[in-house]
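Each chain carries a letter (A, B, C, D and E) given by its place in the written order, and its residues are counted from 1.
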Amino acid sequence: EPVKIGVITTLSGGGAGLGVDTRDALVLAFKKAGNKDVELVIEDDAQKPELAVQIAEKMIQSDKVDLMTGIIWSNLAMAVVPNTVAQDVIYLSPNAGPSALAGANCHKNYFNVAYQNDNFHEAMGQYANQDYKKTFILAPNYPAGKDSLTGFKRYYKGELAGELYTQVGQTDYAAEIAQIRASGADSVFFFLPGGMGIAFMKQYAQSGVGLPVLGPSFSFSQDVLPAVGDAALGVKNSASWSKDLDNEANKEFVEAFQAEYGRLPSIYAAQSWDTANLILSALAKASVKDKDAFRAALKEADFKSVRGEFTFNTNQHPIQNIYVREVVKEGDVLTNKIIGTAFEKHGDAYVEQCKM
Amino acid sequence: MAEPILQLSEIRKTFGALKATDGVSLDLRKGEIHALIGPNGAGKSTLIHQICGSIRPDSGTIRFLGEDMAGLDMAARVRKGLGRSFQISSLAPEFSALRNVMLAVQARQGSSYRFFRPVAGDRSLTGPAMAMLERVGLEKRAKVPAAELSHGERRQLEIAIALALEPKAFLFDEPMAGLGPEGSKRLTGFLDGLRHEAPILLVEHDMDAVFALADRISVLVYGRIIATGTVAEIRSDPEVRRAYLGDAA
Amino acid sequence: MSLLVLDRVESFYGASQALFGVKLTIEDGEVVALMGRNGMGKTTTISSILGLVRPRAGSIRFAGKELAGLRPHRIARLGLGLVPEGRRCFPNLTVEENLLVAARGSDWTLGRVTELFPRLGERRSQYANTLSGGEQQMLAIGRALMTNPRLLILDEATEGLAPVIRQDIWAAIRKLKAAGQSILVVDKTLSELLPVADRCFVLEKGVTVFEGTPDALTPELQDRYLGV
Amino acid sequence: MMAGVSRETWISAVLVALLVAVPLAATAAGEPFYVTLATRIAILALAAVGLNIALGLGGLVSFGHAAFFGLGGYVAGIFAAHAFNGAPLPFGFAATTAMPVIWLVAIALCGLVALPIGAISLRTAGVYFIMITLAFAQMIYYFAVSWPDYGGEDGLSIYVRNSFPGLNTAQPLPYFLLCLGLLAAGLVLFWCIQGSRFGAALEASRQNATRLAAVGITPFGIRLAAFVISAMVTGLAGALFADLNRFVSPSMLSWHMSGELIVLIILGGKGRLFGPLAGAMVYVLFEYALGGITERWQFFLGLILLGVVLFARGGFLGLLAGKARHG
Amino acid sequence: MSIALIIEQLLNGLQLGVMLFLIAAGLTLIFGVMGLINLAHGSLYMIGAFACAAVAAATGSFWIGLVASLAAAAAAGALMEVAVIRRLYERDHLDQVLATFALILILSEGMRWLFGSFPLYLDIPPVLQGAVPLPGGGQYQLYRLAIIGVGIVVAVGLYLLISRTRLGMRIRAGESDREMIAALGVDIRTLYTVVFALGAALAGLAGALVGALQSVQVGMGEPALILAFVVIVIGGIGSIKGALVGAVLVGVVDTMGRFLLPKLLALALPASQANSVGAALASMLIYIVMALILAFRPRGLFAGQA
């Protein structure tokens, strides 16, 4: 009997780019491994929490999946994960990393293979100290957005020229840009994943404000760059991964992904690829039916991560390096290149609160 | 003489520069049919609307059964006993003729907040409603949705609804309009008897009917009453002939 | 050739049949009265002519052309001008706009219509929903005339009008008749209708039961068909 | 009346029988998901039955009923959250996980909220009514999104489903039966209202409010009462829905949700007693079945819905029962 | 807070308003004239944006793309009207809601089928790139100024079309009595198709203009649709003037609310709280305004004559 993995991800709407990359990498990873015993059940959550909940219910009750993964957004994760892990189904997060699940509500069935939400922003806060004294920061008005600015501020030492929350899914940033222009800032940090980031950057570039921008990789990842265009050139951003990261697994991944899909992979693809390989590594050691053994196998993280060194913290969240990248042009293609390391073997701020 | 059932004094209403009602005083007494005639656009319907509450007068008072109507909305005035028909038929189109009348019966009984007990087959509603349809000669069409009635039949249904309210005074705005000769004749006979149930303020252009029915006639021209009197007085009033009757009298 | 010929027309509202075989002819320059009690199918006949209700059987020919299957605006453009039951002026258009909205041809102009109905001239820029009933009736007639129809159809055109105005309207109809206008009239006031009509048709339950000159419509027949 | 049993009644009976039988069979076969599916149908149907009172009978097209659906949901969620961490509720009330209490609170709250919303909205009519109800729902939606205490945009998980005395609500079947019972109660309520004098006045207010006023019944009062009752029923369904998903989020309050409720009603046949149930069954099953066949299921769902509107007047029930509803 | 900032924010509000007007104008026309609730209006906006993006990418010219957006949206609108909408005029609003909701599903998923799930991008044409100085020392994006200009031209043109031409008269006549205008010899059916296509073209134009500013993606139409409905209801359905006033009102209130509310609240609350409460209130603001307006003017600011 094959191992069934339920994949709930965002395949439609403004956030579809993220989910498509997640799905594609996952599918490709299992295909490459040639593992015939894995069956993927993939469903689109349309970025709607209640839909995700229903799909999860169906996957558990009807498809009787052994593992689940795929969710991109923290609000969907918060809706699905607690009930899923409570029903003794193991969930591996390929992207979302809400602080609640890292701290007090951590769970033995919950593994985060991506990051804790604050991580990349912390790195950028750290990095900004080098060049900037007065940064204007903005993020969407939802908990992951708040995690983001909290993370940034945790490490940033300069003054804040302004702090703004935008609407989730907002597409026009004229009003925010006006405030940035008037704020006297020397730089702008923003966390706006997917379509939000595209819209912001395009408008910012045309506004004549011209201050340097920085952000987490989400704001400048491969799904966003082509749309933003040259305006993104030279922008610094933080991530646990980049396509030029020098290790065997990564080379193989980037090549395979490009060969299969004809585009460059994004960070979401990378994290998802790792998730698949983590699962495969555990499957090699234990049966999914034996939950204890399988969890132990997962926890060892005995796989070749495209991010280089990767281990799990006690709250089953990653300990990994966070790099600073720069947007560059390779031929006509915009992409990211690593220019430094912000943190080495970085964990998260909530691990203490996790009693596990 | 007893106090009039309905008494208007010095009612005024303007639409922009137009004085639609220009100081109208008028009363309706027990047992009478008081006809209100006048050229098109004289302000008759506007006056009826003010009496029944769908338009507020700018000034003046309307007393009904001794009570000032100011501040009461249309429904409240109907509950006080002012029954009216519309110049242009206004019915619940999906309801059958019978259910249209049943609605009036239940309204009179004041039982519209009853949530249980089905109305279909409720004899306390269907009985009186059917009786009203019979009175206007529409009993054969009881089951037909109002939308499918012909123009004239709708006019008859309007009357039946007004009857079902058992009002203390009727306001009829051109009830004959749209009725064929036969219908007009029949309605004339019918209204004749009705005045003993409740007095009628009748707006009508059908002079045969008006002259046959009216105890008193008031003539409204440009928002003002230019004459009030008996049929004979009005017929012979040269001013009225010029403004309204032409050679119809 | 007759201007308009209806032969055994049958029409329905949904599943319920309203016309069971209507026959009607109008010659050029003639005024024809269509009569019958309430609900006998007069308005339905008119709607069928104009294609607003689609006849399922029989034929309707106007100036030799079969109307079946034509859409209402095509039919109207052949030269039919309707003054509908209940007036149906466009409330959100001014008097002038109501007159101009469908104007065609050149005989009847704004000037001539306001000459016929001076009241409309006075109210030219007022919205139609603020007109009195009689004013609206004049407007509906004027609007139909502005399309310069070969056949004018008046459905209860004097309903709700003050006696003086009705006399005006009848006078106008007589004037039109004298000018050679063909007219189909539905009206309940026989005393005014019969003198202008050249011929009469009577409907009963959707069937033509009488055809003839006004003189032939004896008091007995009037009583039988119209209840007078 | 034996011979008078209409085709619509027969079809409705079949629908109800299916709704009851499938979950029983699924439980026996060890396929709990179908029970969950049936529960969702029952709950959505109940929500739509609520809306159908305002919309189907009264012609009050509320594009804001998600507000009540969501409020009901939040009542369940907030009670569960407080009971879970032992903190007292606002105003110092002790939290409980007892569903009957939660339901009553949800119903009462929705009634209270619907009263002012209805009173203001009913000043308008037609499309303006549609939009003003939407406006109120959007306000509540944005309030929930930005009120951090109960999760904001992220929503609120119910870690353990609330309880009902004598039943194990964590099991799919008992919970389904509970929802089924409430749906039945909702249907009975609708049926009573529809046939009653109040229902007659309400339907008249939809067809011609001036006429209603002219017989002496103030349309405003009738409509407001209908709106409030309607909101209460939908609110109850919301509480059930939250417990079904063990999760509540602002999306329950969103205009999509309002739209979906409307769609259920029209799909099934508006103003018909069993319309909402038929609509919910068809919609949920299509969604499920098409979703299983193709990723492009929305495309085909769209085609099907379009087909229903264009060719099946009176919704699915109208299509099957073959006659317009009688007035 | 400088004057330049306030001017810039007002311009932002105006630009958002003009954008909304372009979408709302078509909607109010279709709604007011045909009495049709067209939820799929947002899809026409999306189609315009996609057409512009695709054609601009293929030809390298934004302007050809713009023409394509008008043509594609008008064609889609006409097709939609002939195939579906035409059967709905006589139906009640609810059937229209369901049918046009179904159209949204079909069109959105159809676009995804054609163009994939990733957003397309569309660049601002070179002549309109960059910012221009404002009097008072600020700067403003040229392209946004151009949008404001386009909106004003369209508004004036539409107003004249509706109030001054016979076409406009007929449109308005059809609005109150379709059967009657047909019985007077006007081909109302074709007229409706034309009006529908015109409304669609305006929506498509808006989509293309916005596409260059934001991104072109499936689902971009729905938020715009809701706002457009808010606009036409505030303005009074069927009124072009109302749509313009409503749109500018919504644009300015929304923009200024987001900008000023947090600052106002900061006077009373701690900064972070002021920020989030302010943001929340700001998102509620236009709905509060709309409810207030409707509570006092139940038929909008410029209620139609009928």
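In the analysis below, contacts are C-beta pairs under 8 Å (C-beta built on N, C-alpha and C of every residue); 3 or more make two chains touch, one makes a residue touch a chain.
Here the structure is a predicted model, which is why all the values come from computation and not from measurement.
Enquirer: Where the contacts of chain D and chain E overlap, which chains show up?
Expert: Per touch definition, common to chain D and chain E: A.
Enquirer: Considering B-D alongside C-E, which chain pair is linked by more C-beta pairs in contact?
Expert: Higher contact count goes to B-D.
Enquirer: For chain B, which other chain has the most distant CA centre?
Expert: It is A.
Enquirer: Please report how many Å separate the Cα centroid of chain B from that of chain E, as a whole number.
Expert: Taking the average C-alpha coordinate of chain B and of chain E, the gap between them is 48 Å.
Enquirer: Which whole number of Å gives the spacing of the CA centres of chain A and chain E?
Expert: Chain A and chain E have C-alpha centres separated by 34 Å.
Enquirer: So, what's the distance in Å between the C-alpha centres of chain C and chain B?
Expert: 29
Enquirer: Give me the residue numbers in chain D that touch at least two other chains, ranges are fine.
Expert: In chain D, residues 145-146, 148, 298 touch at least two other chains, as defined above.
Enquirer: Touching two or more other chains, which residues of chain A qualify?
Expert: Residues 11-12, 141 of chain A each touch two or more of the other chains.
Enquirer: Could you list each pair of chains that touch one another?
Expert: In this structure, the chains touch in these pairs: A-D, A-E, B-C, B-D, C-E, D-E.
Enquirer: Which bits of chain D are touching chain A when the two form their complex?
Expert: These residues of chain D touch chain A: 31-34, 36-37, 40, 145-146, 148, 151-155, 157, 159, 172, 245-247, 249, 251-252, 288, 291, 295, 298.
Enquirer: Which of the residues in chain A come into contact with chain E in the complex?
Expert: Per the touch definition, chain A meets chain E at residues 11-14, 16-17, 20, 141, 146, 163-167, 169, 171-172, 174-175, 178-179, 181-182, 195, 198-199, 202-203, 206-208, 223, 226-229.
Enquirer: Which positions of chain B touch chain D when the two form their complex?
Expert: That would be residues 52, 54, 73-76, 78-79, 84, 86, 90-96, 99-100, 102-104, 106-108, 111-120, 125, 145, 161, 164-165 of chain B.
Enquirer: Please give the residue numbers of chain E that touch chain D in the complex, ascending.
Expert: 31, 37, 84, 87-88, 91, 93-95, 97-99, 101-106, 108-110, 112-113, 226, 229-230, 233, 237, 276-277, 279-280, 283-284, 287-288, 290-291, 294-295, 298-300
Enquirer: Sort out for me which residues of chain B touch chain C in the complex.
Expert: Going by the criterion above, the answer is residues 15, 37-42, 45, 87-88, 148-153, 156, 174, 177-185, 205, 207, 243-248.
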